[in-house]
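Both complexes below contain chain A, partnered by chain B and then by chain C.
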Partner chain A sequence: MALLLPFIEFKPNRVAEGDPFHLWHLGLTWEPWLLAAIVTAALLLALSGEGPRVRAAKVAVGSALFAAALLVALRAGAILVTEATPFGRVGPIGGFWISALASFLIVEGSLRTASWNPMIKGAIRVLPLAIAAGALASGALDSFAMVQEYINRADRFSQELTTHLRLAAFAVMAAVVIGVPLGIVAWKRRLLERPVFTLVNTIQTVPSLALFGLMIAPLALLSRQFPLLRAIGVQGIGAAPALIALTLYALLPIVRNTYTSLSVIPNAVIEAGNGMGMSRRQLLRFVEAPLSVPIILSGIRTSVVQAIGNTTVAALIGAGGLGVFVFQGLGQAAPDLIVMGVIPIILLAVLIDRGMALLIGLVTPPGLRKDTL
Partner chain B sequence: MIEFSCVTKHYGDITAVDSVSFSVEDGQVCVLIGPSGCGKTTTLKMVNRMLDASSGEISINGRNVSELAAEQLRRGIGYVIQSVGLLPHMNVRDNIAIVQRLKRVDRRQRYRRADDLLELIGLDPEQYRLKHPHELSGGEAQRIGVARALAADPPILLMDEPFGAVDPLNREVLQTEFLRLQRALKKTVLFVTHDLDEAIRLGDTIILMKDGQIVQHDSPERILAAPRNQFVRDFVGADRALKRLSCFPVEGYIREAQQIADQDAASFSNGGRGPDSVVWVYGADRALVGMLQRSPSGYKVITLKPEEVGVVPLSSMKEALSRLLGQGIRAVPVLDQRNCVVGEIRLPDIEELNQAAL
Partner chain C sequence: MKRLIVPPLLFGLAFVVLLNAELLEPLLRTLFPNVREILYARIPLIDLFREHVMLVLVSSVTATVTGVSLGVIVTRPPGRDFLTVVQGLSSFAQTFPPVAVLALAVPAVGFGFRPTIIALVAYSVLPILNNTIAGMEAIPRELTEASRGIGMTPLQVLFLSELPLSARVIAAGIRTSVIINVGTATIGAVVGAGGLGVVIVAGLVRDNIAFVFSGAAAAAVLALAFDWLFGRLETLFFAPRARVSR
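Entry: the complex of A and B
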């Protein structure tokens, strides 16, 4: 499939229809054969049995597949985009994406069952990203449409990236400040448990676009009524409503996990702590915190990843962020621009997710690791 | 000394403990027993102010507990709860050392103490100190719970069904261990149990409770021999003669035993022992391996497993009797820690002890 489908397309300019090229019609010499050889090796491996050797070979071939596909794509870029076509650009299509997907599936499938050192596994996982990043930095990918879109807006990009991160980070921080106490209160006061959870659950079910929209009217009203609020930047559109909406969204996983983390501490453990004469603060330090912090952190992990995604929508009400490119791309019918906005969002979410997983592993005391992993 | 005078505890309309008065002398074990819900746990928890009495006064060494700061009071009292409650995120050593950590004892000293305590409760420090609670059996966790309560060397111990979650065989082992410890440490202990045999074996005195009130507070022997009313009689049951045997450790009834090395056993000839005498056979390092039995062709050695037939000096006479009956032999060997025979218990002595009571 990877070898038969069109592999790459050429566009004379930004909005023109793409012209698909097959792997074999690109005028390349040995590169397609390399790719074909790797695909054949992958097929052979898929037919051979299990075992540590086969697994290692699969990981190697899978990684090579991605590298080769990337190599073909950028060699093709160099051939197709010449001085004669200054606005020309290439974009990977079917064949390339299938190769990349196959590479991911092969590598991930073998890693999942492998009992290797987590550090090595992690390194293998980021390897393709590193290769792609390297290619990007070296300028080899400059002829790619996505990269062209980026080059045209490099300043704007880093600005929106910062805005995006800042929005998500502030929202999650606010959600932690509100959500953790809310979870504790829901646990301590039986009466408040239902109302609290009904509230945060309901918020979660409102579609994100609607929630952002809902923020506009009341905030605009507030801003008009109170000049002080307007002075500090509270308006119907912009950062303030976006932050509020994002915070509300981030609340549920944090409240839920805080509540759960407290409810799973065995009564006997609390009683033992009290019985040996722990003060309120010592109970928190020696018993409650070590047992609940890992669970609360995994709630925060869910919240952050969600917030990175949701922040995209914030661009709609003028708060900025990487969503700006997505919606611009939608408006101009320029899919490459959309992809350029979406890919960093996905990368951010994945990176933060892995980072939080690492952190959670670090703060989880050894006696508890068994059950949480 | 722990003293209760007219202590009452209400939970709303329920009177869980109703005007209870008793005292526990220093170095004595007082066992609270009674049907479920009779107020044993409530009584226990008022001593370290996990609960406060509704009325009446509890004092320790003459000082009213309600006048002491709860946290300070609790740090001076070892507390073992039925569900153990080890901290799951800490290893065994840190669990044992936690009370001393609260008292800001330095780490080296805490850890040394934890190792000593592991030795004391019969667990190898090398093997256990770094384990986590989820890697322990129920019985091991219970022992660690006891070690934790002992860590700061409190003069008073409160134990709420500390061996509740252990199977009968291991429970006997833990009871023996408790008696050994108590003999060495001489704590003042208030001990809750559901198990009458346990109460009889461990208690210097027993308090039998019903509906929040004390029905009888007496020595185990008196409870068995002179039940105050029908409730006590029913609670004690029809087999009180047998239960009474739990009061006596075998150490007071040990007789000298005959024993020979296994390589000599083949050439052994009867040197005129009476019909009750048994000859124990020991192997290398003098540990018990079997007994001699007469057969038509002379004598032969029957192999025995020490842990199945033997008792230790702190075992009860009831245990000795059950070994006798279970193994169908005329005497049980009394063993030391390395399974060497230090003497034996004979059936006639048990019968005589029983006769004396009735």
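Entry: the complex of A and C
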């Protein structure tokens, strides 16, 4: 499939329809053969059973597949976009994406069952990103459509990226400050358990765009009533309603996991601590915290990943962030711009998810460790 | 009993007020006295509501059928080889934001109702698939072996023993994906899918709070109603008392 489907498309300018090219019609010499050889090797490996050696070979071939696909795309870009077509741009299509997906499946499938050091696994997973980032930095990808969209707005991009990260981070921090005590209260006071959970569950059920929308009217009203609020930037649209809605949204996983983290500490463990003569503070530091912090952190992990996604939607109410490019792209029917906005968002979500998983693994007491990656 | 009557009455009342122009207009006038154009005139809210429900139903039903079948296939002996890969891919893909999947549908398929359905299905199949696999894997081996032992065929084991035993977990996955679909379908307005998001986006573009409010309120009530309905169905089918009455 990777070899048969059109691999890359060429567009004479931004809005024109793409012209699909097959791997073999690109005018390349040895590169398609390299890709074909790797695909054959992958097929042979798939048929050759199990074992640590086969697994290592699969990881190597899988990684090579991505690198080769990228190489072909690069070389094709250099051939298709010449000085005669200054506005020309290429974009990877079917064949390239299938190669990338196959590479991911092969590598991930072998890594999941491998009992290697998590650091090595992590490095292998980051490798394709590093290769792509290297290619990007070297300028070799400049003829790619989404890279051109980026080059045209590099300043705006870093600005929106900062806004995006700042919005998501502030919202999650606020949600931690509110949510952890809320979870503790729900656990300590039985009467409040139901109302607290009904509230945070209800908030999470409301569609994100609707929640943003519902924030606008009351905030616009407040801002009109109190000039002081307006002076500090609280308005119906913009960052203020976005932050409030994002914070509310991030509450559920944090409250739920704080509650769970308290409920899973067995009474016997606390009593054992008491029996050893631990003070209240020692009990918290050496018994309760090590048991509950990893669970609360995994709640935060869910919240951050969600917040990255919801912040995208916040661009619709004028809060900025990477969603700006996505919705601009949708508005102008410019697919390259959409992809240029979406890929960093997905990368952010995935990287933060992996980073949090590593962190959770580090703070989990060795006796309780499972493979969270 | 109270919990069976009050919520549907409230949801019903909310829908009647929000979807009926004659009732909605006075409400919006009192809430937003300064807004001149108070009602979204291009398409009646009730039509957008119907579109929204269609988006959610079509995508959720498709996702359920696909997710459960895929989950069943990878937990059968012939499909087991793919279990870890499918599980890995599906939990990996779940970290993608739903908006991102929706936006990517446009370069891949184009604008409109159909690409949105594809994006909604692609994303909402994941919780169902994950939960189907989790539910199947949680069944003790002795139970399925006992089912085989009393002479059930593999198909009977699947339909009479495994699926009923994991139904609760699968239902939770379906509930999650329906709620995600109501939310993502709201954003579907920006890719031309219609639905209640149309009024919200129109309001945002024209700086009209009344539009934004009416669409957002209707979408919120719709999501809460779906969630309530699934909650009721869950207690109805999987209530503790049903499990005791063996």
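Definition applied: the second predicted complex is superposed on the first by the 356 of 373 C-alpha atoms of A that agree within 3 Å, B and C clash if a C-alpha of one lies under 4 Å from a C-alpha of the other, contacts with A are read in each partner's own complex, and residues count from 1 in each chain.
One rule holds in what follows: a contact is a pair of C-beta atoms (placed from the backbone, for glycine too) under 8 Å apart; a residue touches a chain by one contact, two chains touch by 3 or more.
Every value quoted in this text rests on a predicted model; they were computed, and no experiment measured them.
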item	value
If touched residues of chain A are counted for chain B and for chain C, the larger one	C
First (chain B), second (chain C), both or neither touched by A:E271	first
Which of chain B and chain C A:F226 touches, first, second, both or neither	neither
Contacts of A:W33 with chain B and chain C, given as first, second, both or neither	neither
Partner chain in contact with A:A210 - chain B first, chain C second, else both or neither	second
Chain B and chain C contact sites that coincide on chain A, given as residue numbers	none
Complex contacts: residues of chain A adjacent to chain C	104-105, 108-109, 112-113, 201-202, 205-214, 216-217, 220, 236-237, 305-306, 308-310, 312-313, 316-318, 323, 326-327, 329-331, 333, 335-336, 338-339, 341-342, 345-346, 349-350, 353
Chain B-touching residues of chain A, taken from the complex the two chains share	266-279, 282, 286-287, 290-291, 365-368, 370-371
In the complex, chain B residues that touch chain A	48, 50, 70-76, 79, 81, 83-91, 98-99, 101-102, 132-134, 145, 148
Chain A-facing residues of chain C, complex	31-32, 84-85, 88-89, 92, 95-100, 103-104, 106-107, 111, 179, 182-187, 190-191, 196-197, 200-201, 203-204, 207, 209, 212-213, 215-217, 219-220, 223-224, 227
